[in-house]
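Each structure below appears as structure tokens.
Each of the two complexes below includes chain A, the first together with chain B, the second together with chain C.
And now, the complex of A and B:
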């Protein structure tokens, strides 16, 4: 019976041109934005692969030189665009795509795609996830209003309830109709498009499949809870105008105001130190070019460590000092930058927790995490690249320290050493390994879903013809 | 039956509307969002100003430390303190040029900056200037949580551009359609009043409450955010005028929709569709079309080019230096020194050559950026939402044009520093190396660190900013007038069956 009721409600929805065409327009925008982001990501990934190969060739073919000079030459590492970024690019447009892995520096990741975006590009940047989480509520509330509130105003609801054995079946069929129309047009086509895109690009693996499934589940749950809230409020509020005002207000609150307010609140509650302060601290504690006074302290330390009294007794004192400062800088980077990134994660965790205030916040945080495009995934790339840099620089310095060089003497090496450094490769973290900061968002989404179902059940139980 | 005078109708509607709890609820929400937006942006800019001040202090400290070390290295070599390496020695002009010349180019915020965050959350307000960084400064930014950047900042411009129209349209949709939804429109139509006067009086009554409240809330929010009004009178008045015209524009749109005399549901549905089209649909389509017609040059490809050119320059190093020496009468006689120059001295020749070779690849990136800004400027006339956001950013001094001016001046500043320092570095080539071992710790070919100028941002005139905003404001006024006229002209007859 429910199925035939759902079919009937869907037919009513399709007859209401205003609501139905709004849904179709949003579905078209979702696919348009998917296409735009997917084609950009494809082009960017192809370029990154080509330039990464060129970087490797340059590294191996850099010729004979001092290993520390080779560590300065080093390579640029490029972050591949996550396979599900076309569904939800998350932080990708606002984080660097490349990092120079040179000696002494844990460089910032550079070349943020939106760094020099015009206002049109910034306002006009929309992703499937942003469109569904931002405008999905408006469309769903409009659909729910169409099915319930107007039905009540016309008096047809009273007739239907009077004839029904189980009023709950009527209410459920309306909610399911709204949800299936929204999910069927907004979520399913774009997920299928993402999977097809992955198949065409040879990127479809188990992890990507599960991520796509989780993303679909998140969006479907979000639309389901909105459908339940829309139907429940339309039934609960006395008249159509009041229902419409309430639903419109709820959309503004949930989708437009609270996410940005929450973001601002998080910044105020857990402020990040400024980049200026972080860089200054790094420059003071781990300088790239240290003073003569620091060099004197380094010499004393090296003599103690090598158990000798003359610098001439250390095989390659220059390289030993470079290695000393390099390893010192690792500890500083771990403490200063590690602490900084931990604060960013803490901000993201608080933002995800604020998903209990608005389901849109919960859906946004969970969506980026499932797509592998939140900051915790970006941090994973930063850490992998930094480990590679340290291995590379340490290997170069170790080679230098193993060979005697004093005064004007210089030890050099060649391709035989450079080719021992493995090619840089970045395996993205598997689902569940990268996003602990988003866990509260999943919990919040679940709580919203349960609350919406309870609300719908209570409202349908109170229904009287 | 005589028709009531419009003034009487308006006065009655004004009193009645003023008693609506909905009206004051909407105003309260709008005013709160204004305050939150302005204070939120002021907090960001205040943190950036603090970082600017710390950078100034760091620059002063660095200069003092350089002078102190230069003085210390005037001492004779002793058993415990030997020759200072050239890269640690500020008395060696080559070492000084590469390792000690550091200046900050700083872009302070304007008094009205809390009006709009513009590009201030993405673009840097501080650029570290060193002599040998390519093209003035490296790609850099102040880290803001990228999740927040992706979401967009809740600034005053967002509240005015996006939330204010929703509030206004909600009021129009619910307060003007009341009689239609209650089935009382026939009674109204039976009176001696036409739909134009009746709807016009009510819309005007809502506006008569909304305009002063919104403009006062906007001013109050800016005051609470710490804007010194006396220093920002002209841009503030322009921003208030633009906001007023924006409200009139949306009123015109509302009149076009309300001319069909719909119920609240139909009116809100139409308003939501128009609002969504202007705020997201058309910008999304416009941005996609602009991206397709004029795709951005690849930053990844630029990294590749930079590496290739750098390798080429290194491979041709001696040849480039030999050519440079041959072209300079003062250096021609010293071509034998080409192979013995230190790293910093070599850079004074190689960096300009690297920049010359990279310019054909760098210039298209800058040209694309300028073209995209021009496209956005033109699109602002088609999309008043984008236009107002851009106008606010211009008035607040957080617009891309001011950022570009800042970056251009930073590059000029670097070239000025090079003109001052590089000749001193290259002059050393003509001086024969001392035959005897050094007796002093420092090289002392630059006894005192130079007194180099500090960067001062040449602020474009305020009148320029106003002049850039006024054409859009006039256009907005014209659009508002056209939409309003169209809406009123369609309200000839009652549509009741």
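And now, the complex of A and C:
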């Protein structure tokens, strides 16, 4: 019964050109933005693969040399663009895409796509997610206004209420019609496009499929709660003009004002140190390690570790010292950079929690997490690249320490060692393994959905002509 | 069992009695015209029967169902045509009928919809036309078709002839007679004395919420009705 009513409500929507063409225009923009990001990501991935292959060839072909020098010669690691970034690029445009992996340094990532962004991308409305979360409410409220406020103004609602066995049927069919029109045109086509894109690129796996499904669920839930709120508000506010003003105000509040307030609140409540301050903190650790007292402790540790009483009895004392220094730096990086990343994650968690203020905030945070483009996923790449760097440097140092070399002597190695280092490969984390900071956003979205359903139920019970 | 029974029904707004101890009963197939000027309480009475307003006191039964305690069950047996029947302008007559019938809990196929629209007097060439260009008379015929589709026991008409030309008003009278012959009880709220004389079985005159007179329509002529109406309102 409800489905038949929904079909007729959809016919009313389709025949109202203003509302329907607005929806179609936004749907076209969503698909266009997907296409633009997907082709950009395809080009970038192809370039990254080509440069990665060249880098590997450069590493393997670097010639005979001291392994520690090889660790300094080192290699670039490239972050592949997440497969669902065309749905929601998240932090991708603002974080580096490659990192120089060398001994003693955990370098910053380089080449941020935003450096080459178009004007549309710079103002932040260039992705399907941004368009749906930003303009979806406006279109949905317009559809809700078309179905409810005009009905009431015209007098059709009075006839409907006189005919209805239960007013809930009127409210439900209108809400479902608005939701199905919006989700069917804004979310479903772009999700299918993303899956088709993944199939064409040979990237479709179970994880990607589930991520796409979760992303669809997030957007569909977001549109559902907005549909419920739009219908409820249109019914609750007495006349069409008041309803239009109220709905427009709610769009500004949800989609424009509160996300900016939330961002400002996060910056104020959980401020981040500047990257300069972080680098300074790292730099200040080095002299401590080479103070007289610490140097004596380092030497004692090396003697103990090698079971000798004199430095000269260690097979390759220079390499042993470099290895000790390298391993010390790991702890420093973990402490300083790990602390910094934890603060970023804490910011993300607070922003996601502020999704209880506006469903747009919740949808934005949850969307990036499902697409694998939030900071926690970027952090995963940083960690994988850093583990690779440490393994590479340790492997080089271990080879050096295993061979005698004193004073000006240098042990060297060649391609046989360099080729033992595996090619860098980055497997993105599986769904659910990389986004704990987004969990409050999922909870907020669920709370909004329940609240919107309750609001709709209350309004339908109090429905009067 | 009466199709409609009102017992001592009263309701007040802003300290004033809008309907005062109103009692009346309609049997199946009976057409009752509730006469009175604007503000007499006619539409308020209809709103209470529909459950849109809750009376302060008294009882309302629709087909034996307590309409105050269970307004939804009572509304399921009631069809209602407001003074101005407004359809969805973007839908055709068949689609409008299907839509409102679905709201009434009845699923009807297009052939049934066309038959019901025909029974209600809507010309066949209008069945598949969008309602945006329909006259008030055409919209009312769709409204009657909605009532027929709902298989209601009681039809409430609020000022049904207001704004209709003579031909459309005649058509409506025919439709009301046909509906009455099907066993539908019809309560019309109107101030159109002459038209109701043709279709109503009983007449009630409402003044300031009180039923001040009630007559069998067959026992009174049009001139006497007008005189009686004016006397009762002036009293």
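Keep in mind that, in the parts below, the second predicted complex is superposed on the first by the 430 of 465 C-alpha atoms of A that agree within 3 Å, B and C clash if a C-alpha of one lies under 4 Å from a C-alpha of the other, contacts with A are read in each partner's own complex, and residues count from 1 in each chain.
Note that contacts are C-beta pairs under 8 Å (C-beta built on N, C-alpha and C of every residue); 3 or more make two chains touch, one makes a residue touch a chain.
Quick caveat: nothing in here was measured; it's all calculated off a predicted structure.
*Asks:* Would chain B and chain C fit next to each other on chain A once aligned, or clash?
*Replies:* Superposition result for chain B and chain C: fit.
*Asks:* Using the touch definition from the top, say if A:359 reaches chain B (first), chain C (second), both or neither.
*Replies:* In the superposition, A:359 contacts neither chain B nor chain C.
*Asks:* Between chain B (first) and chain C (second), which does A:291 come into contact with in this model arrangement: first, second, both, or neither?
*Replies:* A:291 contacts chain B only, not chain C.
*Asks:* Contact-wise, after the overlay, does A:170 reach chain B, chain C, both or neither (first, second, both, neither)?
*Replies:* second
*Asks:* Chain A residues in contact: does chain B have more, or chain C?
*Replies:* Answer, by number of touched residues of chain A: B.
*Asks:* One more residue to check, A:347. First (chain B), second (chain C), both or neither?
*Replies:* first
*Asks:* Name the contact category of A:67: first (chain B only), second (chain C only), both, or neither.
*Replies:* In the superposition, A:67 touches no partner, neither chain B nor chain C.
*Asks:* Under the stated touch criterion, which partner chain does A:230 make contact with: chain B (first), chain C (second), both, or neither?
*Replies:* After superposing on A, A:230 lies clear of both chain B and chain C.
*Asks:* Classify the contacts of A:78 with the two partner chains as first (chain B alone), second (chain C alone), both, or neither.
*Replies:* first
*Asks:* Between chain B and chain C, once the two complexes are placed on the common chain, what is the minimum CA to CA distance in Å?
*Replies:* Value for chain B versus chain C, nearest C-alpha atoms: 17 Å.
*Asks:* In the complex formed with chain A, which residues of chain C make contact?
*Replies:* Residue positions touching the partner: 50, 52, 72, 75-76, 78-82, 84-91, 95, 98-105, 107, 130, 143, 146, 150, 156.
*Asks:* Write out the stretch or stretches of chain A touching chain B in their complex.
*Replies:* Those in contact with chain B are residues 18-19, 22, 25, 29, 32-33, 36, 40, 43-44, 47-48, 50-51, 54-55, 58, 76, 78, 89-91, 93-95, 97-98, 108, 110-121, 123-126, 131, 134-135, 138, 142, 145, 149-150, 240-241, 244-245, 248, 252, 256-257, 259-261, 263-264, 266-268, 271-272, 274-278, 280, 289-292, 295-296, 340, 344, 347-348, 351, 364, 368, 374-375, 378.
*Asks:* What part of chain B is in contact with chain A in the complex they form?
*Replies:* Interface residues on the chain B side: 22, 33, 36, 40, 43, 47-48, 50-51, 54-55, 58, 69, 73, 81, 84-85, 87-89, 99, 118, 122-123, 126, 138-154, 158, 162-163, 166, 170, 174, 178, 181, 264-266, 268-270, 272-273, 276, 279-281, 283-288, 290-291, 298-301, 303-304, 307, 311, 369, 372-373, 375-376, 379-380, 383, 385-386, 389-390, 393, 400, 441.
*Asks:* Under the touch definition given earlier, write down the residues of chain A that touch chain C in their complex.
*Replies:* Residue positions touching the partner: 1, 4-5, 8, 11-12, 15-16, 151, 154-156, 158-166, 169-170, 464-465.
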